[in-house]
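These notes open a run of structures that come right after.
In the two complexes below, chain A is the common chain; its partner is chain B in one and chain C in the other.
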Partner chain A sequence: MATMLKEVDAVCIGVGFTGSILARELTKAGLKVVGLERGPNRTSRDDFALPNVRDDLKYAVRQELFQDTQTETVTLRHSTPETALPIRRLGSFLPGTGVGGAGAHWNGVTWRLLESDHNLRTHLESRYGKTAVAAEMTIADFPQSYTDLEPYYDRFEKLCGISGKAGNLRGQKIEGGNVFEGPRQNEYPNKPLALTLAGSLMQKAARDLGYHAFPAPAANMSAAYTNPEGLTLGACEYCGHCERFGCEANAKSSPQSTILPVLLQDKNFELRTYAYVKELVYDKQAKKVKAVRYVDTRSGEEFEQPAQLVLLGAYVFNNVLLMRTAGIGEQYDPATGKGTIGKNYCYQVSGNAVTVFFEDKEVNPFMAAGAHGMNIDDFNGDNFDHAGLGFFGGAWISCGSSNGRPILTRPVPAGTPRWGREWKKATAKWYNHAVNIGASGCNYAHRENYLDLDPTYKDALGRPLVRMTYNFRDNDKKMALYIAGVLDKLATAMKPTIQGKASSRTGDYNVVPYQSTHNTGGTMTGTDPQSSVVNRYCQAWGADNLFVMGASLFPQNASYNPTGLVGALAYYAAEAITTKYVKNPGPLVPA
Partner chain B sequence: MRARSFLIIGGLGTALAGNPVAAADANHGKALYQACVACHSEKPEAIGPSLKGVVGRKAAALEDFRYSAPMRRANLTWDEANLRAYILDPQATVKGNRMPFGGLRDPGDVDDVVAYLKTLQ
Partner chain C sequence: MADDTNPRDQIPRRQFLKGAGAAGTAVAAVMTPVAVTQAEAQSARPAAGPAQHAPETWLTLNATEAEFVKAAVDTIIPADELSPSGSDCGVASFIDHQLAGAYGSGARLYRQGPFPKAKAELGYQLELNPREFFRAGITAANEFTRKTYGKDFDRLSESDRIAALKTMDEGKAAFPGFSSAMFFNALLQITMEGFFADPMYGGNRDMAAWKMVGYPGLPATYRDEIKTYFNKKYDKPPRSIADFS
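Coming up: the complex of A and B.
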């Protein structure tokens, strides 16, 4: 029997970036907010300090900071006739757990989507014709246009002190920045990270080929920065321990470095760790979530926390699980196309990469920051003509290094044995002479890619696991092949000593190699309850006091890492809650 | 190590531009010190120890900060000369200490930061 707690104004499920942003905005507006975090508390001072944090084996290989698959995981199958099996060891993606969530151990790549990514379906149909988008490609517009979200992208960039260079300032294109981006009102709050040798090689190759190189926008500080919350981040030391690690130098934006020290001082906020949310208590008649039931994982005790407002900021899979098990919204069915929960689940088409080797150049790959890259966007989204190509979308292409750590970074030329004396010789010879050019491709929604509940496997709390029915589709494979062609051109233009052939994913989706933690969709935002789970303010159609956060809102995945948009949507929703909903609780958009 | 220090200086580029070469300038030191504030503050969650009154203090002297063993063993007093050496090259001065900072390379900048630290009482 759950212990009944006193009602609060709002409860946040998950205290990562979105939970922290929402809690901060709501407490500032005078609301009493409780943050429920399933994992431990983590602070920069106690958990990310040298020398312990620079442990490649503990953090990168043994996955110290991520979700424990023995407690909770997802199952996977490639198509509906197959029986799904649980992912028992994380590989392809690495969901966070603990205070800060994945925001504590991300690389820090922080994008805005292209204008045409925001209204993707409308854009493609108007440029290529009404019938150009295949029926099985269930892409949709975001209900929020780029212009709607511009001030909120800006806010998140300022919170995080993003290092970068504008390529489109109020409509004025600026060479050296990303000339394909939508117009921004302000320059990036921090200048770009230092230019590396790899970056300068990329700049030159891109220029020779007529492409537009620019520094990737990074949540790694190029210089000390004080954010609007009054918190100061240090300058990045280029230690190359970002993704899978917390930052030792307070130089990577995370909830810990950008919000939590202020939020935790606020008497209106209470953080409860080891509070694992089990279910939402849903009143279907009233269309409200009345309370949240959670388990204290230290004692096994159950609590019921009633709240006026529920902010669902867990990871993509848990957002879907909690809504689905509460019966908020109807399960998506690929056979009929009806239902919305689990619909338009998308991932990321990565694995497009080429490594080039320079006998006479010292690359020093260990001098790195998570988002340290020189990029081109010439082949991203709809920045190039897709007529006759047989696919839509594209990829950002980047050259640089996010790390040169001893265990996982061992570049050797193709044909090198996988172990033994020859491998040792090759890894010693080439470690400091290898440059990687990689791409991150978009993943457009497909009718048969979706999430639902597994009929067989259960998690530690006895709930069904979320089941992924997912595979790469024709569009993805054609796009990846095309991008591989671009990578080969860039590699050749660099005139390396040894040039491999660019790889691209042409087979089935595989959960083993790390690809990206950019799982998206499942609770998509849209304009009506027939085709989406939440409205433009991220408010559930089925429960007006439930606001959903994170990449589960995306109708499809652009090539860009999702955090910039996730942050923008959190600020956008927070403003709607504090200025509209609190004054007049109810649906903010008529159904 | 040299290359890494170079990058750190690069990160402070704007603050360094137009640095006067004259006597120690505490105001310029204060500007440079902004890179230190990310860790060194009086806040409870601060990553580094408070530097209030550091000049003349024994190394590893604050009760509420978990210093590294090398720092505790260093047996240093933070007089101006030791501070200068430490800020110029932290690892050479106290080998194995856990401050994630490569050092300031310009001795003039170091003097300015020390001049500013003297004002923190």
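Coming up: the complex of A and C.
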């Protein structure tokens, strides 16, 4: 039997970026909040210290900071008739665990979605006609418009000290920034990162082709920065160890560097680590989650923590698992289109890239920050005319590198053997002379891509694993092929010594090579309980005291990395909770 | 040939062990003085002596497996003007240590069954942990070369070793249970890990791999250098975790 604990005002499931933001906002409003984190505590001082924080094998290859698949993983099948099998070793995506979550070991690319990404279905239907969007493409508008979220994007950028350059300041377009972005009220809080050789090559190529180059918005500090919480982040050393690593200099925005030192001092907050939430205790009649049950993984002992408010800030898969097993909302069924839990699972269309080699240029790829890149958005979202193209969506295209760590990053020209004398020669010759141009493509929802529970495989707590039914679809492949053409043009314009051919997205989804940790959907936000799991304030339709955080809210995935939007939605929901819900607990939107 | 210049290989260890094995109960007695001699030799050497003269010891690989791994990493990373051979860089020892440790025994590997045959896109789906997988793979590789060339892999000429690995790489060597390509990919991956990882893991001795490509290692603080070395070769010698510990 679980030991019953004393009720608290709010319990936070997961202490990553969203849990930290919610806990901070709620404790400031006077609420007592308990944060339940399944993993250990991690601090910059003890866990991200030099010299061992630069251990490529430990962190990048042996996956020190990520979720342990021995405890929990997901299963995959490409289509419903197949039997799903577990992803036994992480590869394609790398969910975090421990305090800070994936926010401790991300690269730091921090976007706002395009205005047309926010109202995607309405936008496409009004531009291309009511019947233009195929029936199997189950895309939807976010209930929050770009304008609704602008102030909250701004708050998250200020929390993180994002380095970048505005391209649209209150409607005025600014060359050198992203002229396709929605209007911003404020410039980025930090100037852009240092210009690299790759960046300068991209600027020139883009100019020659009539595209609009701009520095990628980065949670890597171009200069020391003090955020509104009063915490100072150090200047980035361009060490090339962001993604998969913690930052010894607090120069990358993370829960550790931007919020936790303040939150952990607050008497209204209590952090419980090794607290692995097993289930939500749901009262269907009352439409409330009364408590959460968790296991102390140090002892195996179970606890039941009652709370007035439950904030679900686990990763996408756990958000789905916990709601699904509690019976909050109906499981999505692709055959009927009914049900909402697990619906519109999306990912990212990556693997679109070309490497160019310059005999006479020294690239120094190891001098880099995680989000370092010179980008173009000319072929992103609906920034270009899709009439007659046979697909919707696009990609952000970036030139540069996040690292030159040689276990995983050793580009050689196409046709080079993978080992032996010729491999050695080519690796030694080209390591410092290679420039990568890559694309990150949107992934629009498809009727047959979804999440549910696996009938066979279990996690360490005995719960079913989340089952992913997922593959890349025609829209993704056509879009990627088109983007590959753009990459080839950019590569040619750079006049390299050796130019490969841009790769595209072909074949079935493969879980082995890393692609991105941008899993989205499954508890989507929307305007009614028939088609979504939570309302515009991220409040569950089926339980008014349950607020859901993270990319599981997305109806589909734009090309952009999700963290900027995840942060904005967290602040948006926090404000609704503290200004509306606490005063008058109940549904914030009538069902 | 690298083998001719490596003093370690002048007493073919495997042959010696095989001889000892044939003598049955004499193994333990024969082993002990060898170990003492090696320990004495080590203590007599100056501490700063070249690392490649350290005695060759194995945590988990048996002698046949060790010979296979040495020959394989030397074929994947042959000695030339760019670097010493894979085994002289410590890569075989690295692989032994990795397979003897948490990785080898299946850390971060979901190991619940069932284990049906699966398409490659679903990743690793075998019941074996990496240590067991390498054991089975090495056995299959030696069976393949014995059938094709009449000898264990490590006894082949360099050109036959290259040809044998190529056949495995292409998935064309008949392995029981799993494809030779799957084994070769795992072997290639762990070889590259050993060659390019921080030298504290036993491979990349003297930072040979980092020197080969021009990777400077630590501390990797380039706030000023990212400007001063714009389109300029970074000319500082590499340093590793040990240099800052």
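Points worth noting:
Note that the second predicted complex is superposed on the first by the 591 of 591 C-alpha atoms of A that agree within 3 Å, B and C clash if a C-alpha of one lies under 4 Å from a C-alpha of the other, contacts with A are read in each partner's own complex, and residues count from 1 in each chain.
Heads up, the rule we're going with is that contacts are C-beta pairs under 8 Å (C-beta built on N, C-alpha and C of every residue); 3 or more make two chains touch, one makes a residue touch a chain.
Just so we're clear, the structure is a prediction, and the values are computed from it rather than from any experiment.
Of the two partners chain B and chain C, it is C that touches the larger number of chain A residues.
Applying the stated contact rule after C-alpha superposition, one finds that A:335 touches neither chain B nor chain C.
Legend: residue contacts after superposition of the two complexes on their common chain; A:1 is shown touching neither chain B nor chain C.
Once the two complexes are laid over each other on the shared chain, residue contacts for A:387 go to neither chain B nor chain C. In the overlay built on the shared chain, the residue A:44 is in contact with chain B alone; chain C does not reach it. Of the two partner chains, chain B is the only one that A:224 touches; chain C does not reach it.
Within the superposed three-chain model, A:233 lies in touch with chain B and out of touch with chain C [touch as defined at top]. Within the superposed three-chain model, A:419 lies in touch with chain C and out of touch with chain B [touch as defined at top]. Of the two partner chains placed by the overlay, only chain B lies in contact with A:250; chain C stays clear of it. Touch criterion not met for A:135: it reaches neither chain B nor chain C.
Overlaid on A, the two complexes show chain B and chain C touching the same residues of chain A, namely 50-51, 194, 235-239, 364, 367. If you check the complex, the residues on chain A that touch chain B are 43-45, 49-51, 191, 194, 221-224, 226, 232-239, 248-251, 261, 264, 364, 367.
The touching residues of chain A, counted against chain C in their complex, run 50-52, 54-57, 61-63, 66, 68-70, 73, 76, 78, 83, 85-91, 194-197, 235-241, 361-362, 364, 366-367, 404-407, 410, 418-421, 424-425, 427-428, 431-432, 456-458, 507-512.
Here chain C touches chain A in the complex through residues 75-78, 80, 82-83, 103, 106-112, 114, 116, 118-125, 162, 165, 169, 188, 191-193, 196-198, 201, 209-210, 212-223, 225-227, 229-234, 241, 243-245, going by the rule given at the top.
Residues of chain B that touch chain A in their complex: 3-4, 7-8, 10-15, 34-39, 41, 43, 45-47, 66, 68, 96, 98-102.
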